[in-house]
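In what follows, subunit A forms one complex with subunit B and a second complex with subunit C.
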Partner chain A sequence: MFVPQTGITLWLFILGALVVGGGVFFVLTLVPTRFRKPLIAAVTFLAGLFFALEFFLPVATEGETKGQNFLTPFLKPVSAWTTILQGFALGIGVYSLVSVHLRNIARKREGRGFSVVLLAAIVAMAVPAIWKEYNPDPRLKGFYEIIYDGAFNSLNATMYSVVAFYIVSAAYRAFRIRSREATLILISAFLIMLGQVTIGQAITNGIPNEGFARNFRIENIANWILTRVNSPAVLAIEFGVGIGALATSLRIWLSLERGSYFDEEL
Partner chain B sequence: MEHATTSARIILILFSVIIVTQVIRAQRGQRPFIRRIPGLTAIEEAVGRAVEMGRPILTSVGMGGIDIITLQALAIVTHVAGVAARFGQRIILPVRNAAFVPIAEDAISTAYNQAGRPDAFSEQDIIFLSGEQFAYAAGVSGLIQREKVAATFLFGQFFAESLIIAENANQVGAIQVAGTPSTTQIPFFIVACDYVIIGDEYYAATAYLTRQPTIMGSLVGQDRVKMAVIGLIVLGAILLSFGMPVVWNLFFDKELATLADYFKPQGTLIQSLGAGGGK
Partner chain C sequence: MYPFLRLLIRGQRIDRRVLYVLLMTVVALPFVVEIPTPKPAISPETQKFYDTIEAIAADPVRREKLVILSTNFGAGTLAENQTQTDAICKHLMKKKLKFAIFAFVAAQGREQGKIAAERAATKYGYVYGQDYVNWGYRPADAIEPLLKAAVRDIPDAVGNDINGTPLAQVPVMQGVKSVNDVGLIIEVAAALTLPQWLQYYQRTGEEPIPTLYAPTSVMAPEGFPFLKSGQLQGMLFGLRGANEYEVLIDERDFGKRGAASLAYSHLLIIVLVILGNVGMFAQARLEKLYREENA
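Then we have the complex of A and B:
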């Protein structure tokens, strides 16, 4: 069942999924409001439980199922549900986006020209991108490449290159010595930058790279700052973030989190 | 497929129990103390300044998908929207995920409704810009420059666009509050923004802002877990220094027999973690 389908079976699967999906959404709209939150909580718990059990249950150490437990074969199909649900969410998003901009145009709001450009851009990108998959005409592919690779990617690269100028202006402000912290940033950044470039390394090239003296070579000082000061700090932040993510995941999984951010608790 | 090892099972389940226990204790009435987080206390200041200047506030939930980081960012932005709504102040929220537009509209409009100012909310201000990183950055920068925003709140997952957005806001003199779990972007925010929320403060933000017992309990649980982690690190370091790599061997594939093994090439803690050598 969980293998890629082709031909008429594929279309039957797509049709079946749409009918079942639409049916489920319709049934959900009929659920009384007071039962909706418990229903969401139950589905969230069951979905989370599947992934938790799959991760925690012991796995076979030999044989055909080595590295798997009895839930592992279902992991890919169940994970695909996320993609399917995101597909529905994307549909809602596109509908919302198009309706907002169509309203802008219909009501002649200020800036409606941008709405026209946005809708035209959606059509100009979506039509050739989908069509080229079904039509082998090289002109179609060429048109897509012109607007995507030729225009879009070049604009992206241009925007990325702007970061270099912003780094300079931000660094200038950060490196002005106004406090002890700024002074520390300035000194450590200066040493690390020197340690990364050959001209910096040339400054202390006369110091032997062995024994106690090697600690005074600029590249070793820079490396020490990176691996003994910077890395532990980054790891500490990542530990904290990881624990925060664990706590937030637990709250969502067990529906301890409030339903829609700032309404009453479940 | 990745599966839990024995040590991961014990540690994760133990940590989860600690967090859930603290949540339940808080729900039963125990009120923990949360220290002041300057970035979050600055929200009212930033909103007040925007009101005085008569300019809008720009918020962003970053470049992430619909995941925990983005939902956490939306929770913070929704709180900002609630404060802004009390003054009838305009909030602009550009998003990079079309599927996120209805979710953001719902959360922000709810905040305006709860503040009793549904009239001040406009769905035009929840703007889908682009799913592409730099197109999004260009769009946000354009909004900042055209609207001359008075304040920006940048929360969520950011990448190289963080500095483009923050520097543009700096150019128009906006007061900026930012927070991200992306360790590579924190330095950019620190140099460009007025207040930055670092590390797990990001996840403490909703507890601090809402004072909701469940989230505050969760925060206390996180701190208990952090203490446990620090305790394990200190214990492991002491034992390893005396030639007993018990804690190390619990977590790493490359088991050590003596202290000398630790100093052999590829044997340091940082290298092992970087190479994904954890058990």
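Then we have the complex of A and C:
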């Protein structure tokens, strides 16, 4: 049904999509204010309904369409539409970011130097990254690798690793034995930290790793804490998160959500 | 008075800049000079991870199927996830298994997977397109319908590889049509991306696909329930798991030095916490002594 097009047909399809899309956007701007929210609610409901029906409706058990219902063939185009919508979201994000920082520079606001750096970084990363996709010149690829591996990756990893310094500082100041609960947490933290690293494991290397004695090896104690104590707690939390996500999804799908953006005048 | 107690009290008031310098030193030192550290004890989950790939490689039917290597991480977790990915690529190549790199949460994942594969490819004579392929990146919000569509037709659902070549025309994808042609899923993750594979792909074929998980250390506890339920066949627990895995595949690399760095930083934290607590008790003792003297 949705076959990839090439050549002149592709351009005609793009042109057609632009005309139809532009027309739809124009019609949407004409919708009276009081109908806008119901319209969004209806579109949201229909979009969600597709996935719900596709998931819950019975599927064929034999034949060419085994494992499918009548909505299953539409999954691929829906996936493509979602990707296109993500592309629009990215475009809006870039537009918003660039316009805000261009304004900072144009109006000579305080900290505009950071805006210049941000815009320069966007251009420096985006241009070679996009260009190399369409130009096989190895020098261009080399330049991209310098920017990506040499700068971006290192800077990104550095930013993340700064967290370690705060963790050490916070652990040093906050881990105090002031109650029985704090003592339990401290002991289990020590055991897990030692059980995770080779030097910690070496403390009990002399104990045989078989029979009853293996229970006294530090890595096995750490593993026991992780799998028998921590794991049930993780399951319980995830169960709660799952229920919460289900409730939130239902509220959004049925347009029952209130607060922040949902109550704004359109 | 009480000079020893006063000395101990200072242990809870170490300046944060001193802490930062100490941490920086213990983290960086193993990368500058080789500091001998004991061999790691192999954890059960790492052993299972290794055994699963070995079992697939030894099975004449399953070894012909495609391995999906999902690299959902960016540069922020390079130390853990890149080390895992490097080791996994080496193991897959050593065993001559064909694989596809794929990312759907972190756009950088497709690049990081590519970097790992290219690093190992020269040594093991792997050629892009012939022995492995990179499906590229797809947005996270589109992944669920994509995976569901890929149950029946992978080349049609995924579309093109990172070079824009339709998957149906990539040599390594010949004979790979549906979920039944996938022999293994490996998820290298910096975010919770495992459920997508478990919910929408793992059990949709004629038989469940073995699934392996390589998360960062902070995420690893979330993997244990899936290991226990049998939905996961093995797991690499962050950098520790990567180090153990390097020992198993006999390819010592970043994991070894990284594990030394991790070991010394853990020891530093333990020593600092002990110093802080000793200082706190010393202060309480000193205050009590002063109160008794003044009474």
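Please note the rule applied: the second predicted complex is superposed on the first by the 202 of 266 C-alpha atoms of A that agree within 3 Å, B and C clash if a C-alpha of one lies under 4 Å from a C-alpha of the other, contacts with A are read in each partner's own complex, and residues count from 1 in each chain.
The definition used in the following text is that a contact is a pair of C-beta atoms (placed from the backbone, for glycine too) under 8 Å apart; a residue touches a chain by one contact, two chains touch by 3 or more.
This one's a predicted model, so the numbers in the text were calculated from it and none came from an experiment.
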{"item": "First, second, both or neither for A:44, with subunit B first and subunit C second", "value": "neither"}
{"item": "Contacts of A:217 with subunit B and subunit C, given as first, second, both or neither", "value": "second"}
{"item": "Partner chain in contact with A:156 - subunit B first, subunit C second, else both or neither", "value": "both"}
{"item": "First (subunit B), second (subunit C), both or neither touched by A:96", "value": "first"}
{"item": "First (subunit B), second (subunit C), both or neither touched by A:56", "value": "first"}
{"item": "Subunit B versus subunit C as contact partner of A:243, first or second or both or neither", "value": "first"}
{"item": "A:251 touches, of subunit B and subunit C: first, second, both or neither?", "value": "first"}
{"item": "Subunit B versus subunit C as contact partner of A:176, first or second or both or neither", "value": "second"}
{"item": "Touching partner for A:69 - first (subunit B), second (subunit C), both, neither", "value": "first"}
{"item": "Subunit B and subunit C footprints on subunit A, overlapping residues", "value": "54, 67-68, 72, 75, 86, 152, 155-156, 159-160, 169, 171, 173, 227, 231, 234-235, 238"}
{"item": "Subunit B residues touching subunit A - in the complex, by the definition given at the top", "value": "1-4, 9, 12-13, 15-16, 19-20, 23, 66, 68-69, 71-72, 74-75, 78-79, 82, 97-102, 105-107, 110-111, 114, 123-124, 128, 132-135, 137-138, 160, 163-164, 166-167, 170, 181, 183, 186, 188, 190-192, 198-200, 202-204, 210, 212, 214-215, 218-219, 221-222, 225-226, 229, 270, 273"}
{"item": "Partner subunit A, residues of subunit C touching it in the complex", "value": "14, 16, 19-20, 23-24, 27, 37-41, 43-44, 74-79, 111, 115, 138-139, 141-142, 144-146, 148-149, 151-152, 156-157, 164, 204, 217, 220-222, 224-225, 228, 237, 240, 243, 259-260, 262-270, 272-273, 275-277, 280"}
{"item": "Sites on subunit A touched by subunit C in the complex", "value": "51, 54, 67-68, 72, 75-76, 78-80, 82-83, 85-86, 133, 148-149, 152-157, 159-161, 164-165, 168-169, 171-173, 175-177, 186, 190, 193-194, 196-202, 205, 209, 217, 219, 223, 226-227, 230-231, 234-235, 238"}
{"item": "Residue numbers on subunit A that touch subunit B, as the complex places them", "value": "54-59, 67-69, 72, 75, 86, 89-90, 92-94, 96-97, 100, 104, 109, 152, 155-156, 159-160, 162-163, 166-167, 169-171, 173-174, 227, 231-232, 234-241, 243-252, 254, 256-258, 260-263, 265"}
